[in-house]
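In the part that follows, the structures are each spelled out as structure tokens.
Two complexes follow with chain A in common, the first pairing it with chain B and the second with chain C.
Right after this comes the complex of A and B.
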């Protein structure tokens, strides 16, 4: 009898969540808790698997709670830009397909995906020294394309994507390439694989202002739907800031921003532990 | 320390703006800070397409065009920044099932483009008579490699900078210590102290920009009032 009562209560709660998602969240936030039972400044469990895709030169799978992203890096040899003859390329692409959430449609990438791609591209400039991708000045360089595919979208995809990119770059192994100036052909020694020097590791932490009420770390999809502002803090390994990006009109006070940065500092070592 | 254009570190470039230049738009503005110039045209509230209309409020759409080249993800990034800044400052609930379209064209770019685009948008929205909660003003500053902080940097300074910070504030800007900024994009390699220092400088700069934008609007309104009475 008790069990059926509990089951009925669970069904009633699920129904409530479906019909009044906003009110459902507010009941929790009003009691200073989150619907998943997490603390306001608690991140979800992070799991990183490096080298998950054997056909890519570097890859990583990242799970952040129920959010799953895969990053694969493909390396090709190409001619460097005339303006920067000693630099290679790193391009990033974030894919949010209909597979990861019902909110996305097939076809051209959504604005959210394009903005995420662009932002991660800007961040990636801190990750690698592009001159380390040079094979022969003005003649040949590595072009890396990092494809970040979201498999399950349960909020905070940007954090997961940045961590996946860092892990995939660390996993990346490039064959030793030599440029033959007589023939103009690049030959690669596939036996001699080497790592790429990572200039800086990036440690992201996203905070979201839910319903203009409370700032929570690592929001899931339901919380993100109610977000009025979001703050991304990216740290390098030494505790310096690389990026602080606040969007949305909700008020995150100056002190709250400082608290978020402090929390991001702690988060840095949490992520570093998982990455190593 | 001298800047390429001999400005003091805390000085903004000479600003210029003109309202209502585009006669087919409901409101328009051009915001110029020497070699950075942005034109913004606003249409709205107009009829929204059926699939995008919201039953309880107006939809805000932002289109940003760069000065050179075709549309890239970079432009999408700026669009999203501007939309997120203005979406809730526009009193969208007063015009349900409509669309407010903000079109921004970059004319010349020489650094601090994001803040110029936000300022131009703010002016154009006022010119179009779209109800706003407050006017938004933005400012950029950069920390150079020798730790000098400069306000309203040119592209040359941005390229050499260690970090670049863009902030947008709602009016009154002086409330920003309590209210916090509407939009922040700080990028590069910086500490929290540097961030705070830039924040304070941008508050002062945004205040000056806002005062300038106000005079521009007042000028236009008094001119129109004169025409109407004569």
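Right after this comes the complex of A and C.
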């Protein structure tokens, strides 16, 4: 009798969650808890696997709870920009396809994907010194395309994407390349691989203001749907603030922002432990 | 080589970039046995993980079923949405649609973000292979959508076979009514010898490739594609061998699916 009672309660709860997702979340927030039982400042378990993809010159898979992203870096050679003859290229793109979540449609990148791509591209400028990608000044340079593909979307894709990008750049191994000025051809030796110098490591932490009520760290999809504002804090390896990005109409108080920055500093060592 | 079109919705790199010329010569794949020391009729080891990583906190927008499939170096991920509202409200049978995409870093050259015609062709191949196994008459007015992303590819025919197996596992995970699971396997002809489940290097060194998708319990072949030059007798023999390989792959898929019930 107890089993059927519990089973019936579980089904009732699932139905309530489906039909009234907002009310469902409010019941938990009103009791000062999250629907998964996490603390308000608790991040989900993080797992990083580097170098699993042999077709990519650098790769990393990041799992943050249910959210899974894969970052693969392909290296090609190109002519550098006339205005910057010693600099290579690093382009980052985030792909949010219908595979990861029913919220995305097939076809051109959605607004969310474009915004994420643009912001991560700007953050990636801190990662590498592009002149280290030069093969021959004015003639040849490496062009790295970092593509971050989201396989499963359960909230907080940006954090996972930034960590995946940093891990993939650290995993990246470029073959030693030589430019032949007579033929204009770049030849590369796959046996001689070298890492690139990472200028600055980035450690992200996203906080979300749920339903104008409370700020939670690392929101999952259900909490993100009720978000009225979000705050991304990016730290470098020395605890200095690299980026602070607040989106949304909701108001986050100055004290809350300071608390988030403090939490992000702790989060930095949590991530560093996993990356090493 | 990347396209010369600036995609205005993505971050673009330089207009033109190419792969460097690699000086290290690739090893001859069949010189002394196969490079990964497999037998000529041996399929690569398969790993399947279905379902979400943490079933406790599942978002409402999560897929009904999903599978992550590895076969040697091939990595494929599939998500199934459905049965959900279909496009036609008067359809007596459900519709099954496949969407296939190579990740830009999945092949030895950099792929475009925009779907190319071969990806659309493969999507149609996947639809034709798997649709016969689904009891679509049990889902009128509904649509079942499969989205497949190849994370790493190793042999074109083998990757398509892996995608078919991945969809089968994901459909079972989604609880869609099936007549049977579809298992697929590929072979390639090297000289006079058919070799099972070829990697990209082995496929490049062969003259013909064969892909067979089969429902073993019903003993029905749902898809057959031969590409290259052979004789009818060679093809007949290869189809038999490949069909047996499909049964072996089917046993592996079933074992993984059974393990999720325990």
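Following the convention adopted for this analysis, the second predicted complex is superposed on the first by the 276 of 276 C-alpha atoms of A that agree within 3 Å, B and C clash if a C-alpha of one lies under 4 Å from a C-alpha of the other, contacts with A are read in each partner's own complex, and residues count from 1 in each chain.
As a convention for this text, a contact is a pair of C-beta atoms (placed from the backbone, for glycine too) under 8 Å apart; a residue touches a chain by one contact, two chains touch by 3 or more.
Quick caveat, the model's predicted, so the values are computed rather than measured.
Undergrad: Aligned on chain A, chain B and chain C: do they clash or fit?
TA: Because the two structures are overlaid on the shared chain, the partners are seen to fit without clashing.
Undergrad: Of the two partner chains, chain B (first) and chain C (second), which one does A:40 touch, if any: first, second, both, or neither?
TA: After superposing on A, A:40 lies clear of both chain B and chain C.
Undergrad: Is A:258 touching anything from chain B or chain C once the two structures are fitted on A? First, second, both or neither.
TA: It touches chain B, and chain C stays clear.
Undergrad: Touching A:236 in the superposition: chain B (first), chain C (second), both, neither?
TA: First partner only, chain B.
Undergrad: After superposition on the shared chain, which partner residues are touched by A:188: those of chain B (first), chain C (second), both, or neither?
TA: second
Undergrad: Could you figure out whether chain B or chain C reaches more residues of chain A?
TA: Touched residues of chain A are more numerous for C.
Undergrad: Please work out whether A:114 is in contact with chain B alone, chain C alone, both, or neither, and reply first, second, both or neither.
TA: So A:114 meets both chain B and chain C here.
Undergrad: Which partner does A:149 contact after superposing on A: first (chain B), second (chain C), both, neither?
TA: Only chain C; A:149 stays clear of chain B.
Undergrad: Just to confirm the geometry: in the superposition, how small does the C-alpha gap between chain B and chain C get, in angstrom?
TA: The answer is 5 Å, the least C-alpha separation in the overlay.
Undergrad: Just which bits of chain A does chain B share with chain C as contact spots?
TA: On chain A, the overlap between the chain B and chain C contacts is residues 114, 117-118, 121.
Undergrad: Report the residues of chain A in contact with chain B in the complex, numbered from low to high.
TA: Residue positions touching the partner: 111, 114-115, 117-119, 121-122, 126, 228, 231, 236, 240-254, 256-258, 261.
Undergrad: What residues of chain C sit close enough to touch chain A in their complex?
TA: 1-2, 9-14, 16-24, 52-54, 56-63, 66, 68, 73, 75, 77-79, 81, 99, 101, 103-108, 110, 113, 145, 147-149, 151-154
Undergrad: State the interface residues of chain A toward chain C in the complex, per the touch definition above.
TA: Per the touch definition, chain A meets chain C at residues 17-18, 21, 35-36, 52-56, 59, 63, 65-66, 68, 70, 72-74, 76-81, 89, 91-93, 95, 97-103, 106, 108-109, 114, 117-118, 121, 143, 145, 147, 149, 151-155, 175, 177, 185-191, 220-222, 225.
Undergrad: Any idea which chain B residues touch chain A in the complex?
TA: 73-74, 76-77, 79-81, 84-89, 176-192, 195, 199
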